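Note that subunit A is present in both complexes that follow, paired respectively with subunit B and with subunit C.
Here is the complex of A and B:
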């Protein structure tokens, strides 16, 4: 009795999640400015347009540049911050821990405007670099939380033990701390990249003359829609999916390689 | 004649202590965790530091292992000053209270860790790891197991094998058995002692359980408030505790104040006992015989296998006596107990 209902429920959820994405793909295959379905003429003209336009590359590169830098800064700063929260007891720790999460609750458009005012007060011209800073304000707390969870469930005596067994500080990091933090770093990094890659409200206010992919999509959907907009959206989605797949594949290969090398060494010594 | 030999005034290699602690102190802010601890631990000795929690024993062990540095004082390892040297440069290894096994690695990888850090090749590492697992009575099939799959006792053995892998001159133990159940703890105490005999290594062990210390140690140091209050063999400490703190730490004892107004017999001048306290073991109280007599009322009776323990209400307060199981006294009974002051140990503090 339960099984069919469960299946139905799961199907409904999956359909609700993916129909919008599917409809964008369908819209990109039309050759009219007005979304109408079913299409009278199916066409991949939008894609050939998208790939022939230099703008497609520029938009993707701008978003990639911002997202990649946000990921690097977020991972380094969040790891240090998570260490400070998990390892050390200092005055004001719990207050600081709450204060750092506050920007998440702030409506993003307001936060974006506030940051723009802040930059202009400092006399900084907004560009994609200020957008990196703006994204970090919002993304860093999230990544810090993700990595903290990993650090709290970890016995720091393992690092003492490694030192005691002859490891240098660098070897402790490489052999003990990083392998333990890896799952947190990977999910934190993925979060940082994807949240920055798809961010609109902060980018609108803080990129200045530069344009990221979501900004361009938003302005073209609002004012000057053509199937090429949907096509570029699909390309952008595929690019971020590809990023995720590459990360996961790299992890899988690495895990398999380390398993093989340990079993290889085992077979050498038993022979 | 020996004293006149100029060579004997130096320290010959075979009598040089494995570890020499010279006035080690450690302050954390205003807290004095260690105060001027001085001690020599001999080569091949099983030395146990016992103390209640907060007595500074873990701080002391961390300093000995190099995981913490003393605020003042010097630490010599086989005559060489190692104060300030990081733990990875010291020929010592530690078994941690939490064991601190690398939980993302297999049993074999844990045991091999010290060898890997020394750049030893995989085949040699594995051969050595299997030897060590055998030494701690774990079969070769444990080599590939995840440490998370091991039971408490097995994890204990893995931690021990891992510490032995680097062939350390001295092994440190930070209450590694405290989390185990009673029977397993007893088994591992005996195994640890026999392992120490077989390997001839110096073991420095800390625990809050004097019982554990008595079973395993050549010598015991009792710690209180960051100081070593008494150092001696188990029987030294059992028979001649230095003060009431050590005596109470030894287990159930009766402590009688000399010149107690409720115990007039103790006021009469006992030879050599002017004041202070008498430490009296429960087995030194008898229902018959000579010596000082005390009127008691039996409060409780507990069966301890072949003996019974009686809680006695006396004019000098609650006392504990141990009697053969044939003793007929029951709660509520009144009786006269005796003890021989020669069997009591006097302390001034």
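Here is the complex of A and C:
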């Protein structure tokens, strides 16, 4: 295919992917009972309504609580898991690698239902805490893969070198291993947070009486629409976008800093 | 213990409890008397018999058919897209790839809600704009199976594209040139050089799309109206309204079985290290 045609194709794909998101934003910019686009009166009334409702805060806090805990647990466990996935070669590794990705290749709503039954069988009342557990079952394998990708590019000989130079185990971890892993940890944490924040299929079945943001949106979209629903959808999405931007900026700064320090050490060794 | 297995232990244990154990429990529930909750009762296959005789064929059919159709559609759109992105290295391609990735992190409920607002008749975004700009009135596919299909393709396209990008990256450029020089047609290059080399990525993408679609229920709930009952919806109804857990469990096990039949053969043949390692 010729180049202009290719550009057109790619543009159409990207535009189509954003049309629904844009539609929510457009719908949120009027405060009429029924949706009638194009709006006769554009307004940000739906947003002032959303911010004045206590429920908006409660929903965001519930999602934040779940996503923050999922991120912490996922990072700790996945870092260990990634070591076994990519750093060490051991008997049984290929089975381990395939076994831990299985939850990714499993229908999420079905996993949610299975976990709901599992919690009931154990006599555990579902709440936001069980949702943290449920999210982890799906997100932990993903974060493990993300960190593993980074670890594959890691030369373990650096650790031996540091140890030969008299570094303690802790120093090796702090000065050699973790700095190399940092970009993987940052993107892994980003994945964990955003995937948990936006998750619908697992939350629906495992939060019990608590409600996360996507769940609430789902129930309101299916039953009684109001512009405030669009406004809260936009606010919730912008919150995650802001989080993503901050983390990516951190990643960029970290990358620049490590490039500078490596070029500095390179200039020292050549001089 | 050696460091490998030692590091593997926490994740392995967690997934044993969080993934394997629930499936075992569901399997157990599926074998007890219909409408009972007692795990110590006698085991029976009654629920599975009911699954095949009591009209659950429809939901299974629609979920599997929808998953196949979506996988095929996504593959057909993602293949040229992946090749174009791979061909234009550098900043432009990185930006486009990033733009395609971002919607994955926007909640399904937001995106499907947006799609329904877009497709709404009368005052919807598309219908309203066309009416205001060109005076054209259009109907809507909202609340039909077509809307569900469009929603499935929309949500799952990135899950096909990204593994496929990894797959396409496995095709050495000179291999295509060599085939061309030896007189191969475009079609022959595609069939005998590109597809086999990119197969690991294509297989992972297809697998992911198919498996995610088979359980998908939000698309049907938000876009489909009453047009179609998908299998997850059928299971959910057994668990909630009908209070028939063993029946719901049996249906869950059947979906798990379909998933396993597709996943295991593909996963067994693919070398994850090769696909991930750059």
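Just so it is clear, the second predicted complex is superposed on the first by the 237 of 271 C-alpha atoms of A that agree within 3 Å, B and C clash if a C-alpha of one lies under 4 Å from a C-alpha of the other, contacts with A are read in each partner's own complex, and residues count from 1 in each chain.
Everything that follows uses one rule, which is that contacts are C-beta pairs under 8 Å (C-beta built on N, C-alpha and C of every residue); 3 or more make two chains touch, one makes a residue touch a chain.
Small disclaimer: the values here were computed from a predicted structure and weren't measured.
Asks: Is A:10 in contact with subunit B, with subunit C, with both, or with neither (first, second, both, neither)?
Replies: The answer is second: A:10 touches subunit C but not subunit B.
Asks: Just checking: does A:114 make contact with subunit B only, subunit C only, both, or neither of them? Give me first, second, both or neither.
Replies: second
Asks: Can A:179 be said to touch subunit B (first), subunit C (second), both, or neither?
Replies: So A:179 only meets subunit B here.
Asks: Which one hits more subunit A residues, subunit B or subunit C?
Replies: C
Asks: Of the two partner chains, subunit B (first) and subunit C (second), which one does A:48 touch, if any: first, second, both, or neither?
Replies: neither
Asks: Determine, under the contact definition given at the top, whether A:125 touches first (subunit B), second (subunit C), both, or neither.
Replies: A:125 sits against neither subunit B nor subunit C.
Asks: For A:163 in the superposed arrangement: first (subunit B), second (subunit C), both or neither?
Replies: first
Asks: Hey, which residues of subunit B end up touching subunit A in the complex?
Replies: Of all residues in subunit B, those touching subunit A are 65-67, 86-88, 92-94, 96-98, 100-104, 106, 109, 113-114, 116-118, 122-123, 126-127, 144, 162-163, 165-166.
Asks: Can you list the residues on subunit A that touch subunit B in the complex?
Replies: 155, 157-158, 160-168, 171, 175-176, 179-180, 262, 265-266, 268-269
Asks: Where on subunit C is subunit A touching in the complex?
Replies: Result: residues 2-12, 14-15, 18-19, 21-23, 25-26, 29, 39, 77, 80-81, 84-85, 88, 96, 99-100, 103, 105-118, 120, 122-125, 127-129, 132, 154, 157-158, 207-208, 211-212, 214-218, 221-222, 232, 235-236, 239, 245, 248-249, 252, 255-256, 259, 263, 267-268, 272-273, 276-278 of subunit C touch subunit A.
Asks: Using the touch definition up top, name the residues of subunit A that touch subunit C in the complex.
Replies: The touching residues are 1, 6, 9-10, 13-14, 16-24, 26-27, 34-38, 77-78, 80-81, 83-85, 87-93, 96-111, 113-118, 121, 133-134, 136-137, 140-141, 144-145, 148-149, 152-153, 194-195, 197-201, 205, 213-215, 217-218, 221-222, 229-230, 233, 236-237, 240, 244.
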